[in-house]
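Labels run A, B, C and D following the written order; every chain starts at residue 1.
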């Protein structure tokens, strides 16, 4: 019997080595695998290279990993946010390396890694500083630059539901980088609200097939959901806001 | 020399832009001021909003108490879902952009050159933390790239220029610029004034920007120059 | 109000010009837009370039279009099948041009067209006759060849359900080339069993978002389905086999 | 000189191959004879079958009267769906293959060279209609590429060769060859006999193929040479 289910987030991130390249899903808070990042913080791996769209915000999740000095380099498209003060401080102090990529090029490079594409020509970024030094070619009368795949040792992804084979479905815009990162890493760890029975996910709706997933861990449903349905109970940061919960049954 | 009086407010400008979006268009409003355009599209006009973090048919901000943290826009603000919506991952979302499937995007800008070059991601300042996001993909991807911006910076430096001095986002990509004082088309001959707001005149715009401006007004207004 | 719904297959294929390049979805019979192909046959466009995984089989659908002499060239991965006698005859008589591509390269070239990728390096086909004359490059110690996107003027695709905005869901392995062809063509026409209300398709399950679709036409449910559920009523060719229909209500 | 007696039937060979597939593997069985391997995997062993036309966890042929024309395998034969299945489009399906996510594929062959080159799509005959399908993608994509084939053609020409003469499918891609008389590993030193079937001996195989064969048997059998 195939079971990729781990009993705890600690076991889900076990074995991640110092110096590993780790893709971390999420766009801002949405889809950020906070419980896995906390477990990685606890686990101790350092000198990490992190690939994420952003560079963390506030003091938790990715920002906490950065604050703990565990990240050597970050590859992202948008490190600067109103509350990205942890990254900002490290960057200005020269304590973290930054590789910046246009967001679509970042996504396509991740996709290329999972899809076995050796390199691709894209029109994005031509003529800008982010294309400096990159191979250039005119194709169909249009300027393109050559971009290479982004591989990773691990991907940490947050989904909504998964089964023991690692089939995953996401919720709304929390899908973002999850599916392409899951495919691009040597080893993919997915945290989900709930692990469901094999066969419980409609095969037409699977977004990340289990072939891309190595470990699955359930972390419990968010406070603003009940049985996967939105009940309204959070602020924009994802913090519980119980006064707005609609008919939530506290005994569940 | 004519002097520019106060122009349209951002909300008024957003409403003006909304008028130019045909029903049925798929539109990306970037982050910041252009997102105001969404509120100016009448409820009964079907314009499909794309947000690059993986959604089509994005709706307005939720009512209080109904924030779903899994449902945000590119600016990471809570939004809602309209009937006909769809979700997809980041590579698919940017395939839509790079593949030329968006009809219109509206972006902010630091500078726009008369060749349609756009600079909107980096001031070039040595201590600035660079952050590009999806701007370069939108700049080269959308069929029509419109800019929404003030004509001048706070210290009266024109944002419309002959040549951008800030790091570029894209080359020759902008087709139209909506400012607080006028709307400009980018033509092979440079900026053409498409429409004037308030008391603005082409002479006043020329004086303020130092540019050679063509008169390209499609519907001359009674109160124009 | 946006409505991409056409009242008839004839209107759905109106305007297709002689010499057009047309992607036609399907893998064998599954997902082949038979009603649209029949309408195209009726419509009369000729000198077509067709992109499909196969080159038609039997006497209907794509094979009928070929038999009518309307296709100048076919780009595919697998023209040879036990019942591909129409193509076989035309090919041996020198009456049709064939461009052969490995199936994954065919799919990736179509995907690249929709995704705005100028060209890509793939390891597939290196050292084989299908890579002859193609640019070669060693990337990461591995041989790759350069492949270019496949664009089309039209895509004819078969889905299961669609709404008036052109959001489409497919059924099982009939999905195959539909989503990537829909994105790669200038103009995409989708036939579906049923057109449903806007909002009736769960946004999490949309496979082809309406942004890729120009026209939608309902062609009626297949005999082996009832309300989209399989009731068992066909042979492998998709021909109705009423003796095997399970509790089918003939009054529906 | 020893002579090869009749070897394993295709069904027996398929059963032998099935034994070597670890539980939990994701496997593609191409088209033709290798698809017999599916029937030989015990019901209670979870092996996930991939079919390149967009499905994981493909099940066996349907019972009569339950053919769903929307549910077929790469050979265009009707199949079924197992719990845990998923569907995806062709670009995603071949991304799985090219991206190295399949554990094993089993393919038929015209020729296999001692360097692991594979020829299985075209005889090179002038009047043959070429058709490649997904063979090249599987050849370069799966982590382990196994071949299932007769050792000799009907006219006793060996399919295992020093150098392929038919047009290639992939270079250096095959790791193991299952034939009716023996199983061969491809090693840096060429073909190594991993296992002998029936009365086959390495001498007899050498005589039949004209190859230099190493003895690479991992578990010597009592009835081996």
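Definition applied: contacts are C-beta pairs under 8 Å (C-beta built on N, C-alpha and C of every residue); 3 or more make two chains touch, one makes a residue touch a chain.
Treat the numbers as computed from the prediction; the structure is a model and nothing was measured.
State the pair with the higher C-beta contact count; candidates are B-C and A-B.
By number of C-beta pairs in contact, A-B is the larger.
Centroid from C-alpha atoms only, then distance chain A to chain D, rounded to Å. What do you get?
Computed from C-alpha means, the inter-chain centre distance equals 37 Å.
Mind checking the centre-to-centre distance between chain A and chain B? Centres are C-alpha means, answer in whole Å.
Each chain's C-alpha centroid was found; their separation is 29 Å.
Averaged over CA atoms, how far is the centre of chain A from the centre of chain C? Could you give it in whole Å?
Chain centroid spacing, chain A to chain C, equals 33 Å.
Would you please write down the residue numbers of chain D that are in contact with two or more other chains?
81, 87-88, 91, 94-95, 97-98, 141
Give me the residues of chain C that touch two or more other chains.
Counting only residues that touch two or more other chains, chain C contributes 108, 111, 115-117, 122-123, 170-172, 203-204.
Go ahead and list every pair of chains that touch.
According to the stated criterion, the contacting chain pairs are A-B, A-C, A-D, B-C, C-D.
Can you tell me which positions in chain C touch chain A when the two form their complex?
Of all residues in chain C, those touching chain A are 108, 112, 115-123, 137, 139-140, 142, 144, 148, 169-172, 202-205.
Report the residues of chain C in contact with chain D in the complex, numbered from low to high.
So the residues of chain C touching chain D come out as 27-31, 53, 77-81, 87-88, 91-92, 98, 100-105, 107-108, 110-111, 122-130, 143, 170-180, 207, 222, 224, 230, 232, 234-238, 241, 243-244.
Please give the residue numbers of chain D that touch chain A in the complex, ascending.
Of all residues in chain D, those touching chain A are 23-24, 26, 46, 48, 50, 56-57, 81, 83-88, 91, 94-102, 141.
Within their complex, state which residues of chain C touch chain B.
1-2, 111, 113-117, 163, 165, 167, 183, 198-199, 203-204, 206, 209-212
Residues of chain D touching chain C in their complex?
For this pair, the touching residues of chain D are 51-55, 64-73, 76-78, 81, 87-91, 93-95, 97-98, 117, 122, 127, 129-137, 140-141, 167-171.
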